[in-house]
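Below you'll find a set of structures to go through.
Here chain A shows up in two complexes: once beside chain B, once beside chain C.
And now, the complex of A and B:
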């Protein structure tokens, strides 16, 4: 697989985010807070995995590997998703926080990619967005419900946000080869520019429910450990990029030291997910349904 | 939780018909959950919810994309034909390869809970 093709890296980053978070969402099937939500969240999980398929179909000719092989036949270190997507679901408060952060961030980058010079990607993104807007709506309704709900619900949400915010920032980690993507117009705006746009909306949403303190009080997320998903660089950690309030908006300061998801560096949480996600493909290569 | 009737309009101009119900705390939630519970396979052109035993219909503001826009097999009823036969065939293939599903996934918490409860009752009896 041509590891250094920037367009392939972009497609894999987008597809892997959807694939991995889709699998995490699907783990709520049978366990969501109530029956209707169980169906809704399972449905969102299926959508995300379907979106991954659409994007992997675009990646197929660049990678020289089939869609199933790209989705399920790569080693953990070849996946390019952001670390937040692989984290276990935890409680419902964390799940809602992550879905809200992920889908609002995804909305910002997909809106930009609609203007991509890559016509196939732009067309695919336009279609994907028709479904993604429901995911954003779902996330926003739950976000507001928990934020304004009973004390315990609000506490769970704020705890989930404190945990998820730092890793959500790395959804906008610079892609390897990003300069070339920008120059060609495949990526119409830089990841740091998209991050700034997302932070404006995020800050406003959090302030509207008086939860903006989580932007300055988020939790440190721990060490990046060497796993089969890729070697951690010496001394690298999942360092939290700083957030600062400047005037009426939040801005990111510092880099994404050690975030690494876009370069194939993941946590042990992904090893466990990967084992399960790819188990059948590895045991019975070429199996058809 | 409030019970909401869900109504659909099969085609533009057709009458509303009740197609099911959802439990939800408010109308926004009811509209959201009705879409995923009852319109997963493009069953209607648009839909609405109505708090049970009331008359006011609350229509979905924008029905574009109901049932999804990306054509995937799981969106079509015919994709589920013969699933039982497929399960049996795959089960047989797995058995031939020495693979057996011997426990539920995810771990059955209910069973563990009731087993724990049973232990506690036994201890109490002792």
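And now, the complex of A and C:
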């Protein structure tokens, strides 16, 4: 496989994000807090894995490997997804935080890729984005639902964000060969430029539910909505390393947590996921159904 | 055997595709759902471009196979090339009036004015937002969207507060 083809790396990064987070979402099937969420996460998983297939079909001729082989026949170090996608679902607060961060970030890059000079990619992305709207809607509903309390729900969301935000930044880690992609317009905007756009929306959303303190590094109490389950306690606020408010905009400071995903560097969480995801493919080569 | 004229064959292929039903909505053909983008008859080849409704539609592969088989039946000696394309993207407004009637007949609301809210719109947790579509059973407007995620990728789950029936609707795209 021509490992250093920038177009292939871009397609694999996009496809692997969808494939791996889709696999995590599918783990809620049968276990979500209520039936509607069971359906929602199952349906989102189905969409994401289907999007991965479309993107891998575009990667096929560049990779010289078939879709199934690309999806299931690579070694863990050949996957290009961001580390946040491989993390276990954890509690509901983390699940919501991660889905919100991932799908809002995905929307920013897909919006840019609709204008890609690669006509096949642009067309696929337009179709994919029409479906991703429902994922963003779902994420926003739950984000707001938890943020508006009761306090326990807000705390779960805050914990989730604290854990997920630093790794979500790495969704915009610079791609190997990104310069070439920018030069020929396959990638219309740089990853760092897309990150700035995403942070504007993220900051606005957090402030709209008075969660701005989450990112401000200033520990304050008293911004939580009082509810029947009680007031927020000292220490229930948090800070997220890596983000800072400067003037009227949020900026990323320092390195990304969990960087390296785009170069195939993953954690033990992915080894476990990969084992399960590829088991049938490895045990029964060529299986179809 | 006399070769079939291209124009005649094109019509025959169209008519054949009108008999290919969505296996998950057996009343609606793929033509009525707006999935047939292009039929091209060449000297030795019939090319059909289909648009997937939702990319993750589990019926997509079956639809492709059924469509190919239906076209082969009428295409004589010509080769058949069936493919799914993404340009233009399939959208809900491609569904014909006949297609809407077919959806209604199967109990799926063909109305989709209650699409996803724009960014910045007030989101009412946990959905239960006004569906903006009449109940297919009693006609009441007191309907809410319970979830954008229904039994298939293309359908949302709604509820009528007047007659207290759950019903499904095609997702706007």
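Quick note on the criterion: the second predicted complex is superposed on the first by the 258 of 289 C-alpha atoms of A that agree within 3 Å, B and C clash if a C-alpha of one lies under 4 Å from a C-alpha of the other, contacts with A are read in each partner's own complex, and residues count from 1 in each chain.
Following the convention adopted for this analysis, a contact is a pair of C-beta atoms (placed from the backbone, for glycine too) under 8 Å apart; a residue touches a chain by one contact, two chains touch by 3 or more.
Just so it is clear, the model here is predicted, and its values are computed rather than measured.
Bringing the complexes onto one copy of chain A puts chain B in a clash with chain C.
Once chain A of one complex is fitted onto chain A of the other, the partner contacts of A:40 extend to both chain B and chain C. In the superposition on chain A, no contact is made by A:165 with either chain B or chain C.
Once the two complexes are laid over each other on the shared chain, residue contacts for A:123 go to chain C alone; chain B is not touched. By the touch criterion defined above, A:283 reaches chain B but does not reach chain C. By the touch criterion stated above, A:19 is placed in contact with neither chain B nor chain C. In the superposition on chain A, A:31 makes contact with chain B only, not with chain C.
Contacts of A:141 after superposition: both chain B and chain C are touched. Working note: chain B versus chain C after chain A overlay, options 4-12, 94-102 or 112-120, clashing stretch identified as 4-12. Shared interface residues of chain A (contacting chain B in one complex, chain C in the other): 36, 39-40, 43-44, 46-47, 50-51, 53-54, 127-128, 130-131, 133-134, 137-138, 141, 145. If you check the complex, the residues on chain A that touch chain C are 36, 39-40, 42-44, 46-47, 49-51, 53-54, 119-120, 123-124, 126-128, 130-131, 133-134, 136-138, 140-142, 144-145, 148.
Contact residues on chain A toward chain B in their complex (touch as defined above): 27, 30-31, 34-37, 39-40, 43-44, 46-47, 50-51, 53-54, 127-128, 130-131, 133-134, 137-138, 141, 145, 283-284, 287, 289.
Per the touch definition, chain C reaches chain A in the complex via residues 52, 54-58, 85-91, 116-117, 123, 125-127, 146-151, 153, 157, 171, 173. Against chain A, the residues of chain B that register as touching in their complex are 1, 22-25, 28-29, 32-33, 35-37, 40, 64-65, 68-70, 72, 74, 86, 90, 93-94, 97, 99, 106.
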